[in-house]
Amino acid sequence: MDFISAFMVNSTVQAITPILLAALAGCLCGRVGVFNIAMEGQLLIGAFCAVAGSHYTGSAALGVAAALVGTVVFSLILAYGATVFRGDAVVICIGMNLLAAGLTAYLLRQLFGVSGVFSDPNIAELAKIRISSIQSIPWLGWIVSRQTVLTYLCWALTAIVAYVLFRTPVGLRMRGVGEDPEAAQSMGVDVRRYRVVTVLVAGALTGLGGAQLSLGTVGIFSEGMSAGRGWIAVVAVMLGRDNPLLAALACVLFGIADALSVKLQSQGLPNQLTDIVPYVVTLAALVVSYRRKRDRRPASAEAAAA
Amino acid sequence: MQMVELEATGIVKRFGSLVANDHIDLKVVRGEVHAVMGENGAGKSTLMSILYGMQAPDQGSILLRGQGVRFRSALDAIDHGMGMVHQAFKLFNSLSVWENVVYGREPVRGISLDRRASMAKVADLAERFRLKIDPSARVGDLSVGVRQRVEILKALYRDARILILDEPTAVLTPPERDGLFDVIRTLKADDRTILFVTHKLHEVMAITDSVTVLRHGRVTERMATRETTPADIIRAMTGRVVNLTVERAPAAPGALVLDVEGLTIGTGPKPVVDRLDLKVRGGEIVGIAGVAGNGQTELIEALTGLRRPDAGRVTLAGQDVTQADVATHRAAGLAYVPEDRAVTGTARGASAADNLLMGYQRQQPFAKGFRLDGKAIAEHARRLIARFGVKIPDETVPVGTLSGGNLQKVVIARELTHQAPLLIAEQPTRGVDVGAIEFIHGELVAERDRGRAILLVSAELSEILALSDRILVMYEGRILADLPAGEADEDRLGLLMAGRVAEAA
Amino acid sequence: MSENTVTPRRAALRLPAVPMAILIGVVIGGLLVLVSGGNPFNAYWRILVGSLAPANWPDTLNWAVPLVGMTIAAAIPLRGGMVNLGGDGQLAIGGFVAAVLPVLLPQILPLPGPLLALVAILAAMLAAGLYAALAAFGEVRFGIPMLISSLLLSYPAIGLTSYFVGFPLRDTATGLSQTAMIPEGARLATISGPLNIGLLLILVVAGLVLYVDRRTVFGYELRMRGLNPRFTAYGGVKPGPQMLRTLFASGAIAGLVGAIIVLGSLYRFQDGALLTPGYTWSGLMAALLANGEPLGAMVAGLFFAALQTGGFAMQRETEIPRVLTMILQAIIILFLAIRHGVVRRA
């Protein structure tokens, strides 16, 4: 493996981070029965708040904190709208995505006086952590080291979310709430509270994802910079059937597709074509995954017959 | 010495003008199996939901082991040692047995679920009460009877002293039912108290110690089971009006309308519907009796085009419709009153006219090409509303506002008025008031006399007996018996439904 | 019985909900303007004048043509309880086909201008309709939720059209990512000012959709599906073909909108020009506002068009960015979605 491809893998791992964080959020929401497709907007809000926080305080950490707070507040719309007010989650999410796009564009102009892209030396970006002992390993060192703290965190969070869901009482209750809220309620679990809290926690996760998006590489905000990542996360959640580990696997697949598109571009293919590679891979993965699921039924019936 | 475990006094519950429970008194002794009997709508379910804390009574008091209690919620009732197995199970199919049992009250180790302790506890309980079950099995993979055991385990895990079983045998096969009775005896031996809600006489005689009978929201009789007879209980349940009889002339069966040969649904050694033969002629009502879950639902789905059979042949009015979809079935001559009027049979947000059109929207005189004739549709709707006495202001009003009986009249009106040679009526009077039942029964017989072939599926044996010219008993996917109306009675059908052919002969 | 108590109250409360939602949107938007140092009254006055003063009607109408078109495209599936999020891709395909055909077709088959325009429009509708139906096919055949596949399919469509105008079909004369100009004869005739006969085409489509919705078998079956899909399946309507038909119609109208923009005002396909104004999402919002009922959706579409046209004037006169109007739309929808729930609960 040469130097270039190690560098590419490093940037792929970086690129996966926001998608993975959003996918974790989607898994959590899906598990409690709230169909969250607002991640695209949540990432955007997170990215904007991170840049704004970082810009005003000069601290990347406070930028991340701002992203957390901002996205959690934004997620209140879904948390309460889809539970206490019993609104349709799909409609609410579509509205939230539009609101996020409009609000960030508006505030970009009003707060920073620019349209389109905002970059400023005052924006502190997230430090790349260099782990000296690993860094010296030729190829792996490049991949595992020189990442932001959020990238490390997102993998830890994947494990934590999976552990909470499948190994703790809270997780058991969440799974029950999503599968049959009435039954959960009859066993004394406060369905509404579980849903509200879960959606807000999910909001925090997407907030981190947004912060990685805007502060993870160069410290910049551009309108619509989530650029479909939230939707890819939705697909990862679908492919992973609300299982964080499988969803993470799907995110890795998209990361590879993304890297492939960068690679193809470096080979001289126009970016309009290479940009669609991740989406084509996503669609193909959906077809393969759902076709397999459909084929399984008659297969199991035959197994029963044998 | 007999200790009173539960005593409810003067329970009143009203829903609008309807008095569901009218000063009900109920006294249950510790360690007994106490039947609460009554026909549909007698107030059993309301009483149980009050005892289980799901609803608050308007008046009355409950004493539990001598202490006055007022449950704020089902959870509160559970904390007081109440347990209930609902007719519709409240289980998570994707979770394992032990996860379902400990849900909401999980043993923990540190911050984690203590899987081993949970499994051990569940296995222990299961063994103690002779509930054969694998704690690690996924609930979705279990049969209905085993799922019911999971529900019982849930209650026992929360240390229920009083267990309410709401129509527990409605979904069980006879061997499963016998298994349940064994469990009930074990519970009784452990000094637990069982409230057994049912409307099946032979079960009451077989398993219970005492009986409280409800009719129209009132207690009509309280007795010890061994001092009573089935006839006494029937009298108390029905108030001497023994059966719904429908005036009708003997049938004059005509041409063959529905011919089913070797119909099989499902593969493997035990298909849901197993090489079933069935013939219905014009001018006769053929009733299908059977315990729910013996393939009736699947059979009807196949006969209406909602499901493709795996083998066999279905001929409807001379046309082979085995693999055809719903539209083709309807065109060939099918009218269908589905089991669930609110979920399948109507669109609640749509007007009565729109609801009365469905299924015939592409036919004359309503459609001229692709254009709908609004005037013809409205006139048709007004005519049906008048003829069937649907209580609705006019045909433009959405049907979501109608009562159950009126909604069912909309479905019946739609399906009866188009001259389809075959009518399949599934639970045509479920949850409908007495007046509407009489009306619907009368209409079905009138249609028969006009030469239509009618296939009736009902969970109410009395309905099957009152309407059918021939009765087929379905058991484990097959037709076990084909009886002329004159040779069938409730006892004989009951035995056949349990698969006991020899005894029924 | 609990199953039959809600409808009349919902109907009664539903009416004032829309003006209420608009009022709340206006108040929150006004606060936003106030906080960022602007004068909300001035802003709204500019929006009002900029869209509704008689001199500005042509601009508003011109903006309304594609927006109402996309509203109809979104409303059709919504009427049957389905959502098509892929309007952007269908719009791009329609515009692309309508831009390329009039340039390439005369080389093999010389046609008179108007006929060429007609062929271009029909081809655009066909292509975009089929592309939309692809998402429906994915759900019917594989069970892939159309909500997400329709959206994902947009990206390849946008990418591919963008590639074609950037490379093989680029107009080398200008050096920009755009196709060559469409021959003059194939352009849609101007009515007055910015308005062209695209306006009439959309009016015809609107009338047709209303007619189909209220007076035909297809409209009836689609409405019933929206109210209860099990009911229509029980009534013998085949769910799969119905979904394919519906999405084809929706996509075809999106394609028509693309063709109208290209043949009526741009006269060529410019990379991104069809999508930047955000007709798809505004159209979807308008359709959601009326819950898919076509007439209400069209009125909502007109309202949003006026709002956005006024937004341009506001931005010119007051320095307040016109994305404010997008925020207003989102708040209105969010409030309605939640309000709807409040009423349902009552």
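Note that the chains take the letters A, B and C in the order they are written out, and that residue 1 is the start of every chain.
Basically, contacts are C-beta pairs under 8 Å (C-beta built on N, C-alpha and C of every residue); 3 or more make two chains touch, one makes a residue touch a chain.
The structure displayed is predicted, hence computed values, not measured ones.
The chain pair A-C and the chain pair B-C differ in C-beta contact count, and the higher one is A-C.
Centroid distances from subunit A, each centroid being the mean of CA atoms, peak for B. With each centre defined as the average position of its C-alpha atoms, the distance from subunit B to subunit C rounds to 48 Å. Here the CA centre of subunit A is 29 Å from the CA centre of subunit C.
Annotation for subunit C: no residues touch 2 or more other chains.
Within the complex, the subunit C residues that touch subunit A are 32, 36-37, 83, 85, 138, 142-145, 147-149, 151-153, 155-156, 159-160, 162-163, 166-167, 281, 284-285, 288, 321, 323-324, 326-327, 329-331, 333-334, 337-342, 344-345.
For subunit C in complex with subunit B, the residues that touch the partner chain are 1, 3-8, 215-221, 223-224, 227-228, 230-238. On subunit B, the positions that touch subunit A within their shared complex are 74-75, 78, 90-95, 99, 102-106, 108, 111-113, 154, 266-269. Those residues of subunit A whose C-beta lies close enough to touch subunit B in the complex are 167-169, 171-173, 175-176, 179-180, 182-184, 186-189, 301-302, 304-305. Those residues of subunit B that touch subunit C in the complex are listed here as 305-306, 325-327, 329-331, 336, 338, 342-350, 354, 357-359, 361-362, 367, 370-372, 374, 398, 400-404, 407.
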